[in-house]
Amino acid sequence: MNTLISRLAAGETIFTAWSSIPDALTVEAMAGQGYDAVTLDMQHGGHHEDSVLRSIPGILRAGAHPVVRIPVGRFDMASRALDFGAESVIAPMINSVADARAFGAAMKYPPLGDRSWGPTFALPRSAVRDPQEWLLNSNARTLAFAMVETRAALDALDGILEAPGIDGIFVGPADFSIAWTGGGSIDPVREDMMEAVADIARRTLSAGKVAGIYLTNVTMAGRFAKMGYRFQAVASELRVIAAGSAALLGDARGSLA
Amino acid sequence: MNTLISRLAAGETIFTAWSSIPDALTVEAMAGQGYDAVTLDMQHGGHHEDSVLRSIPGILRAGAHPVVRIPVGRFDMASRALDFGAESVIAPMINSVADARAFGAAMKYPPLGDRSWGPTFALPRSAVRDPQEWLLNSNARTLAFAMVETRAALDALDGILEAPGIDGIFVGPADFSIAWTGGGSIDPVREDMMEAVADIARRTLSAGKVAGIYLTNVTMAGRFAKMGYRFQAVASELRVIAAGSAALLGDARGSLA
Amino acid sequence: MNTLISRLAAGETIFTAWSSIPDALTVEAMAGQGYDAVTLDMQHGGHHEDSVLRSIPGILRAGAHPVVRIPVGRFDMASRALDFGAESVIAPMINSVADARAFGAAMKYPPLGDRSWGPTFALPRSAVRDPQEWLLNSNARTLAFAMVETRAALDALDGILEAPGIDGIFVGPADFSIAWTGGGSIDPVREDMMEAVADIARRTLSAGKVAGIYLTNVTMAGRFAKMGYRFQAVASELRVIAAGSAALLGDARGSLA
Amino acid sequence: MNTLISRLAAGETIFTAWSSIPDALTVEAMAGQGYDAVTLDMQHGGHHEDSVLRSIPGILRAGAHPVVRIPVGRFDMASRALDFGAESVIAPMINSVADARAFGAAMKYPPLGDRSWGPTFALPRSAVRDPQEWLLNSNARTLAFAMVETRAALDALDGILEAPGIDGIFVGPADFSIAWTGGGSIDPVREDMMEAVADIARRTLSAGKVAGIYLTNVTMAGRFAKMGYRFQAVASELRVIAAGSAALLGDARGSLA
Amino acid sequence: MNTLISRLAAGETIFTAWSSIPDALTVEAMAGQGYDAVTLDMQHGGHHEDSVLRSIPGILRAGAHPVVRIPVGRFDMASRALDFGAESVIAPMINSVADARAFGAAMKYPPLGDRSWGPTFALPRSAVRDPQEWLLNSNARTLAFAMVETRAALDALDGILEAPGIDGIFVGPADFSIAWTGGGSIDPVREDMMEAVADIARRTLSAGKVAGIYLTNVTMAGRFAKMGYRFQAVASELRVIAAGSAALLGDARGSLA
Amino acid sequence: MNTLISRLAAGETIFTAWSSIPDALTVEAMAGQGYDAVTLDMQHGGHHEDSVLRSIPGILRAGAHPVVRIPVGRFDMASRALDFGAESVIAPMINSVADARAFGAAMKYPPLGDRSWGPTFALPRSAVRDPQEWLLNSNARTLAFAMVETRAALDALDGILEAPGIDGIFVGPADFSIAWTGGGSIDPVREDMMEAVADIARRTLSAGKVAGIYLTNVTMAGRFAKMGYRFQAVASELRVIAAGSAALLGDARGSLA
């Protein structure tokens, strides 16, 4: 399988499921639905060390890319996610160059960063068998997504893009809308911020990095893809369960009439 | 809240979700989607003692009826499900009057059955505070569904309906289709067995009992309701996750074009 | 440490905690309070295979005897509880000699019974290191308690006491009161059944077996001890939590006045 | 139900249970005992991300306020606790204004703080259905307790009280006694520090904030209430289990004599 | 991958690991060591419904055959193991033709047996996508091993081999040695019973079935293979951990001298 | 039992198992193999708050010293590990005096550090019964190991050794080899770094502290012991499982020939 970063760099659009329920069987069920990747959310979702460790094999078995979003500032967990077998890590609230540097350092082995050695689970879960090969190739194989979702982050974007170890930008439009309105509104699809969103992608691609975004309205996938967002989060379990339940219950109730 | 059995007896159609994933958070997510009941499946699903015990509060909190399907012949678990707070138990493969009697006995306190005393979790999870009231009212409050899904069961139906403690019949059309075809076909919506299915409902209602059925095609809800099936299983997590994912991924992919 | 059966045979009164919450840390907390034994309840409590296996080390570390009550008729679990390190098993609803024989057989190695070999966890958790010693001494070291709690059991008592492998009788006064009143009353301390309760102890002791009972009113410990009940269940977690909470909250509220 | 902060502001005395055992069923048992709130302790107790997420529904179902104490400095978890459905968070060792600002920021949405959007579990667990309403009302609905338990904190108290997002002070008398004696003594009810404890409440109330405290001797509830401490932690599971066990075992043993 | 039964029928010798620790990560570690199969033991090991369900993906990912040994008489679990994705089930203490018939029936769909429809996890975990194909091919794809480990079983062997649905015999030499000596000795490699062990294999192969055995001395693999035992259990986690620890500790200690 | 630090100070060589699998039963199995200590790894291993809390009793019951390695910079967890009953904590990547001071402070009660009071699980799991005794003796009873595994750490070694609360140095040769080669090589037994490794031990012992190291080749135990490394990590579960499996499978396969 090609790596996530190589597929994105090649221009593929990648759809990721977004898992909030910290249960390996639920993740396995999601992973079997044809998504390109599954992201385990430790920031606003319920995932934690144990559920991430136990959920990754089900994602790999489905042929999807395992991605982890860590809690704010928990860069210890960025390294751990990689040691558990994640291919990419998304770090929320990267609001400064210092944040980006700390995140990048946790994601990459020396000399690029200071990730500590110990792929206890990741190595046996991979096709690699030689530790030396692992050391030399991991930095290129993993993908560090810095989230840009505040005005401070927007201001620091160029520096963030230059921080060692940062491979891409992931936009969080919900927080971005709150920032955009000074706390007045939660509205991830506000038209008045779309030019800024487009600009983030442009600058990210110009810097040779990849761009991702969280979608609350999946029909915007095309528009975001045109902006350059190749990694798109389209479906959390809770949305999936709501959508599927509404359809099935609706059909059942409808047939009663 | 009215009891499940009183609502069914009054002619309401009740839609139950069907949970196979033994995880309380996933059950909580399902329970919040507007189903009238949530059934935790211990026969073909992954539910077990621990997951049933931990999932029931989330169902109750959503205002839905907690139901448990036990494994084949595990009548010890029928009593336990009630002690954990289930309102109804579905027993698969009740193929003889002896099966029905054993199941009914596990579901009801003396003198009707021989359920043992000990509502350790069920009583504090209920609105009842007085043990004596619990003893005297539980037999009427709980609902024992015997599954009819083989030719032997069909032959024994009248005796099953008379067995002490049996409150209703739940039809399993998948197994019934296999039985109907001598092992040749799995097809839960075979037209050639629908008259038999209708007959089961008729005889069940004539005996003053309630009837339920598992749907693989939810648009048949109306047809089954007309037959008298008031308790209808319409949505397993895996179907819900498949349906929701297909819709979201389809819309996302569609917008790319 | 002396075995539970040897202590009971020597006339000690043994108080057991009664655990319903399937969690090893909660069991560890209970085990540290000075009880002689801790009983893990799989019938009306929430314990299951996993929680029993994980809770026994905490009981042993506290120097208490680990006991398991199995679900009705689950004699496969009687053997498993011993393989996990339980010293005694209580089987509910032993209502016939056949029940007693099946239970006894599951508890004892040949030639007394037909317990299957495999003390996977029990042997390393014990002080025994030699499998041959384990085989030859286990039947005497373990304690099989048959529950007598129905009229049928009372009628069959002498035969139950003679069944191979049965070491003692454990009375369940709650179910017994329901049986005594034909399903009319749940009242474990009914005076009108106390003579029958005393008679069970007398016959049990005459047969050279040990007697146990569940107490809902702990101040009856002395009276039951005089009858010969040496193994007494005095405290479930839920009662302990209710009693402790009432005391602490009461004192706090009282001091506000 | 009124919010915890509105009840405290109105002068009610609120008693919270204190849970150290990371198990939802044990928390459910505690929550059913009449406490006004249940606090899940992640600092010295065993609670963790998974147990907090799974325990909150049982607290809500009992009609109690769910509160979480986070580990030292883990402000990422303050936001997560709110996303899981906690109503209040207690942060230990807030020893400087900078600590208080960081904690307050994690607890409140912009513009007051920088809490990130994503009430994945909290919103469906609440009565709120509209995200915009959630955004606008959450800052007032949640309660941030900063722990004051060192001399440094005492010195910084006025600045802590002014930090954006801080709603109240929670005193930890055990650590305070160690601080008070330069590491020489653990004695949470030292008389010589009571005037300082009273002073903390006075200054907190003067600043328009609410005050809470941990009690090791519940009969001091009245005295602390008079000082202005309205939120009082009175009962950890381990104390409850010890108190309840001592009472039941004592009565049982006493009746043997 | 060829099926387990087809590989055995073709004369391959298959070595299975034997897992007693109910933890998916431990099973994953074992599965990665080059065993042909991994057997999850629910009789004397600690595996249970949840651990079996969660451990199978790790076995499949390693390219090994997942096998489950059920508890004595728990034929409900034989069907469930298959629904979770097990390829083979081993049933202990099949001591009569009736036992064998009940086990065989639980393992095979009609008309051969009466296994109930519902491969909730097994089907998506397999390469099969069509339910009809699953129905028609499963009986041949699954492998039912009846354990012969008592004198009664030996006497009933021919009838057991003829029971519908029984595909093979698995010998338990530990219990067999106890039976052989009337409860006097646990010695799975007794020379005086080896002729009987060889005879079981001969009769099993003559009946067109496959033969398996549990080894406590792995150097007997060749001898048993010559007898016809093609499925050999060689390594439980506890033995593996003991052997590996002794080697590493021994080398470390040795180098100190 | 003597404390770990007193045994090391007295010149004993202590071998620790290294656990990566977050499961109490697996830890119990490892702890029973004769290791002097068991280290639960939260940095590169899968251990987390829950598994650490639940695994410690099994280590204590085996008479081994419980040790925890925390994730990078998670000093909140250092205190928690002690509150759960760990005797020693290993902190990775202590690359500066500031790191060492923060770690030491989290490990020791005032006045030496600022560890917060609350040995909720540790105190009942110990032989100590008096909180005052606990407070006064804990600093001497616990052992804080700072990991030295980068060039920055080597440069800061003297200051690290002087940091309050630091009791010993633990060398990580894998990361050290990466640092030594500027990211070019992972080789924990490089001869060209052994003089530096020996120097770390010399300086550590000169400062009156204890020294530990992780071994990838256990036959180097003697050489490292001569350097002064008294605490040696010799066996992770994964290595143990690999070694034991290779031996058993090898012997089985060998006997087939």
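Labels A, B, C, D, E and F are assigned to the chains in the order they are written; within every chain, residues are numbered from 1.
The criterion applied here is as follows: a residue touches a chain if its C-beta (ideal position, glycine included) is under 8 Å from a C-beta of that chain, and two chains touch if they have at least 3 such contacts.
Keep in mind the model is a prediction, meaning the values are calculated, not measured.
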{"item": "Same-interface partner of D-F, chosen from the options B-D, A-B or B-C, over half of the pairs matching", "value": "B-C"}
{"item": "Cα superposition angle of chain B on its copy chain F, in degrees to the nearest 5", "value": "180"}
{"item": "Which of C-D and B-C has more C-beta pairs touching across its chains", "value": "C-D"}
{"item": "Whole-Å gap separating chain D and chain E, where each centre is the average of the chain's CA atoms", "value": "52"}
{"item": "Gap in Å, rounded to a whole number, between the CA centres of chain E and chain B", "value": "33"}
{"item": "Centre distance in Å when chain E and chain F are each reduced to the mean of their C-alpha atoms", "value": "39"}
{"item": "Multi-chain contact sites of chain D, meaning residues that touch two or more partners", "value": "22, 25, 29, 46, 48, 50, 53, 121, 124, 238"}
{"item": "Arrangement of touching chains [line / ring / star / complete / other]", "value": "other"}
{"item": "In contact (per the touch rule at the top): chain pairs", "value": "A-B, A-D, A-E, A-F, B-C, B-D, B-E, C-D, C-E, C-F, D-F, E-F"}
{"item": "Partner chain C, residues of chain E touching it in the complex", "value": "20, 22, 41-46, 48, 50-51, 71-74, 92-93, 149-150, 172, 174-175, 178-179, 182-183, 185-187, 236, 238"}
{"item": "Sites on chain D touched by chain B in the complex", "value": "24-25, 28-29, 32, 53-54, 57-58, 60-61, 121, 124"}
{"item": "Chain E to chain B touching residues, read off their complex", "value": "48-50, 53, 75-77, 79-80, 83-84, 106, 109-112, 114, 116-121, 124, 131-132, 134-135"}
{"item": "Chain A partner contacts - residues on chain B that touch it in the complex", "value": "13, 15, 17, 21-23, 25-26, 29-30, 33-35, 46, 215, 218-223, 225, 232, 234-235, 237-249, 251-257"}
